[in-house]
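Chain nomenclature is as follows: A, B, C, D and E, assigned in order of appearance, with residue numbering initiated at 1 for each chain independently.
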């Protein structure tokens, strides 16, 4: 579904990602792990088209999207939940969600249906429909960002630390939701600090360090790798 | 703190070089340009004390300069000239004639007092609201200057100011203003104000009284602008209210922003740079006009090039040439780095 | 009676022009949060287009359409030259570039056209007058009133009934995020500038129609008016801009009719002091825009 | 130093059509660490905003010792010895780290010399001396968090309110933070109120916990008590945590 | 030195440009003519003009620059407010300064110094000519006067018109003010309408494009009385702006008529001008530029040098036959008052036509 090969990303002279490759099969849930600054978010942003790749290629469903614009990537069926809670603070919750469905703005009925589904998933958002998103609590904003990404009805979803700043119960719910989404056929790339929970839901995982992939495999294989915590903690 | 002394030293040296250099060349025009530059320096550094530290864009600065210029004019135009230069002046003021130095101080004080009275309520505002109120304040000051015939001779050119500003005086005032601005920046008010510039909510949560801090800076800036206005008035000797409006505002704001509003070094660098560019372009334009005899005049080229340069600088260095650190600071840091690596 | 009618027509025609000016600005300023100092120059561009095409023998209406098109084109150029490259950087940088761009256009007009006033062609109807209830009024004023009503309604529809308005605000607050949702943010922002240019073009024709000539500095006054109207009415709200425009016209006209000659000179000082007072009382302007998402 | 109490009595806060806090009472004494936890949107940040005067109270009072805080402006409250950090880091980005910390002391009325002295002391205490001359914006996330704490401490507060200081930190950084924070109450005689979703940190650091849900207090007490409280498991910890 | 340098601070941009640019062009024709005919005192003339930008401060700066470049005579912009800074710099450098057409009596040796002159008649003459024409020639008894507060010129022109008109026996029914750039004449209209009387003549003293705006506003609401004004009306752009519809029954006093019947030399000048610019001159300000240079040349020739004091003396003593009429300056004590006649022009269907030369018998005191 999503193929990343030999991808590099640089910020000026800093090389954040140095030629990594990985693949996601259709309906697969793959987790990307690594210490702070390993280059996980940079990889995600690059796939989403928000950053230019300095080398390598990305294909989505057979189409080359290496130098596609973010808009084109979304249209190709990929949605992103970025790590910074990028809500539009002055827009209401409802307006934020409406923008999530921008590419389907002609299909009002479909959007309404999708919105209802998300409202049952996050009842808090239904309650706060007309509140400016900037005034939501930290956790509520995180829910909104996830819901907004799902409004575009993606086939591939990139999640960057979706559990950050969420209450333990909500984190649990989010992971349940991730599993539900996976079951419904969605392909998911998940970046997490929360290693155990990430490995619990993932089909496969890649561990990054200093911009390269150092280990990959099934959760059990990863857990078996003795130096996981060393990589993870940046040791 | 040590780097602040170094900064002061370097900036004063720059002023000295400009002053002495222009004299050594012995060309009257350069003397005039240098004096003009130093007066602009007073104004731009004055603006920096408010804008740089508070982070609020102020358009009203030039209005206070005008206030200073007119105050000093009314106080110093010789009594026998006043009948012609200021026909509508109030009778009791017709006999007043004080020394330009006293008048300059009075100009600063009046500008500061007016600023203190009108600006207090404005200091609560931030962002767009503050930009627009300061813009509105400029228009109010301009309209008053343009119409208060008794005090300013209305929109008409006021003349007859004694010519007392020369290069040394301008240099001395500029040096003093630079030192004052550096001291203010490192003062308690300055530091807290800069904190509020970065994050209003966090600064208030620390206990900073933001409107009051801004108010103090605004008064200081107006005081300096008033002095600068008087200095300019006694240099130019005839002017009209139009000299204190948008074009000039644009020029000094440009100088400050291109240099870097957050630092006094930036204010000085911006003033020097823009003045040189401006004069250079103007003489180029003159040269082009001289060659294409009889053909269409080349007009506005200076402004066009300047505007393009400004856009380019903003794209490449949005914080200006000296966005955060004073020159002294940069030098001490560089030296320390070298020591540690050596 | 004639006096009252005269007063009402004055307020409405002036207010209509003011409201259109303000609307063109508020699209950039209120929605994109950008202060566009070059807005006045779009009006200038419309004026010069009329002047430059005046010898061509085209029917007036075609010249007018061309003028509006040029204003739109320059609106888009403003975006490309002054905003797009610095948008992500700092508020001051944006302000300065737009100020610089305004200077640039004005001086380009000086250099390439002329510092002197140039005549613009006006249709016969612009200098005709009608008598309504005893008050003699130029037809131009009635056209202004009609144009303002139609355009205000059109813009309101565009912003309310389509996602365009929301997409504009989103693109302005978080450009990259908007794109990551599939919003063609650059296009959306350019379209805001195009819309602003369109309004400036129409205003330009109506406004320059009052004066009959165009000079490089012709845009200054409309810019100031638009600024004040926007501030009075509400900086972030479209209806606010409209209300502000009409209110400003009411204030101006009332001051005109009632202030003594000596005080009238200070009219601008009064108006702008009022702006300051309104801002102190309600920093958001009279009509609040959509609630802001600021919190601690 | 004698013990003082920061007392929140029966406080409610309302936003349009929403009661974010509903008759909440809570207290922190100097020398004590109190944890404030609860689901997202339960009103934790709002409670800190209420104490520091950033939002208006609908009911109730807030006292620090004998001084009434409710009704004062954020500035006056800060001068009463209440310092806070923010859920999203708010450093003074283009000032140096040293100046960031100095500003807090200056705001409380310290002289320039005293402020510089105190700021240097705090930076060395938090291991930031090497960064003193760097600009706030150039720091890594963990360092930023530490500067924020140093800044709050430079005001010599009697009460320190921290909003999710560990969010986004990895385990190693969280560990260091735990260490720093746990020493504060004794060493500086201050009362600490801390919000975080990292239960590992909270359970080990806090003497007492206070749990909010939908703006109401649902439980109070020590870690063991709260951890096993059914309402807390239901609303906040989730079933997973119960058998973790 | 093998050449005589004349420095000009004329404004090519801004509100002053419509008056200064033609003067500049006229001056260039004169310079070429003189140089083609052997120069002055056997030397070639060089005319350097730097744009004064309609800004008194720039004009002053420009004058200093010109003096630095060796200018021996300074040509100042065509107005007291915009031009006097150049004259002041000339005076302090000991040079003669001449404004091409500043007409406010402040442009005198009293206020500027003993080496300063203006080529134009003063507003005393211009205002009085208009008043006499209205009252004595046309028999218009009542006047409505609008004064732009913009510059000394606009204010004093109205002042002298009113003085003379009243002295002649006329009645001023309303004196109103306006400030340049307002673009909105409705307040003044409201006051005029409130009066309920229609004046016989309307005197509008304004500047730049605003003149056209005011005239249109008056005409549009039905005030069709003749309109009278000063040399600021001598701007083809304004005539064109008024067009066929509004450009009627407008009279103004100016420096000369650019066509047959004004001056025997005029035809020659027009020919030279056409050679240089390829079209006919369209405003009398062109002549003021030519005249200024030609008069400077005559004075230098008479003085035998470019020394400031000597040239000033030659100007005081001389009698000059110019395209803009015969000119004879008063002494330094008399303020260098220019004794001169004025030309009257009428707009018909947007086109100017020559009415004739006029010189009032009595003048108001400056």
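The working rule: a contact is a pair of C-beta atoms (placed from the backbone, for glycine too) under 8 Å apart; a residue touches a chain by one contact, two chains touch by 3 or more.
On a predicted model such as this, the values are computed, not experimentally measured, just so you know.
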{"item": "Farthest chain relative to subunit B (centres taken as mean CA coordinates)", "value": "A"}
{"item": "Most remote chain, CA-based centroid, reference being subunit D", "value": "E"}
{"item": "Approximate Å spacing (C-alpha centroids) for the pair subunit B, subunit E", "value": "37"}
{"item": "Inter-chain centre distance, subunit B versus subunit C - centres from mean C-alpha coordinates, in Å", "value": "31"}
{"item": "Distance from the mean Cα position of subunit B to that of subunit A, given in whole angstrom", "value": "51"}
{"item": "Inter-chain centre distance, subunit B versus subunit D - centres from mean C-alpha coordinates, in Å", "value": "44"}
{"item": "Residue list for subunit D, restricted to those that touch at least two other chains", "value": "45, 54, 86"}
{"item": "Contacts with two or more other chains, residues of subunit A listed in rising order", "value": "135"}
{"item": "Residues of subunit E touching at least two other chains", "value": "12-13, 149, 179"}
{"item": "Residue ranges of subunit A in contact with subunit C within the complex", "value": "48-50, 69-71, 73-75, 80, 82, 86-92, 95, 98-100, 102-103, 105, 132-135, 148, 152"}
{"item": "Of subunit B, residues touching subunit C in the complex", "value": "57, 121-122, 124-125, 127-129, 131-133, 135-137, 139-140, 143-144, 147, 201, 246, 250, 253-254, 257, 261, 298-301, 303-304, 306-308, 310-311, 314-315, 318-319"}
{"item": "Residue ranges of subunit B touching subunit E (in the complex, touch as defined)", "value": "27-29, 32, 36, 84, 146-147, 149, 154-157, 159, 236-240, 242-243, 286, 289-290, 293-294, 297, 299-300"}
{"item": "Residues of subunit D defined as touching subunit B within the complex", "value": "52, 54, 73-76, 78-79, 83-84, 86, 90-95, 99-100, 102-104, 106-108, 111-112, 115-116, 133, 135-136, 151, 155"}
{"item": "Touching residues (chain side subunit C, partner subunit B) in the complex", "value": "29, 33, 35, 81-82, 85-86, 89-93, 95-97, 99-101, 103-104, 106-108, 110-111, 115, 220, 224, 227-228, 231, 235, 265-266, 268-269, 272-273, 275-276, 279-280, 283-284, 296"}
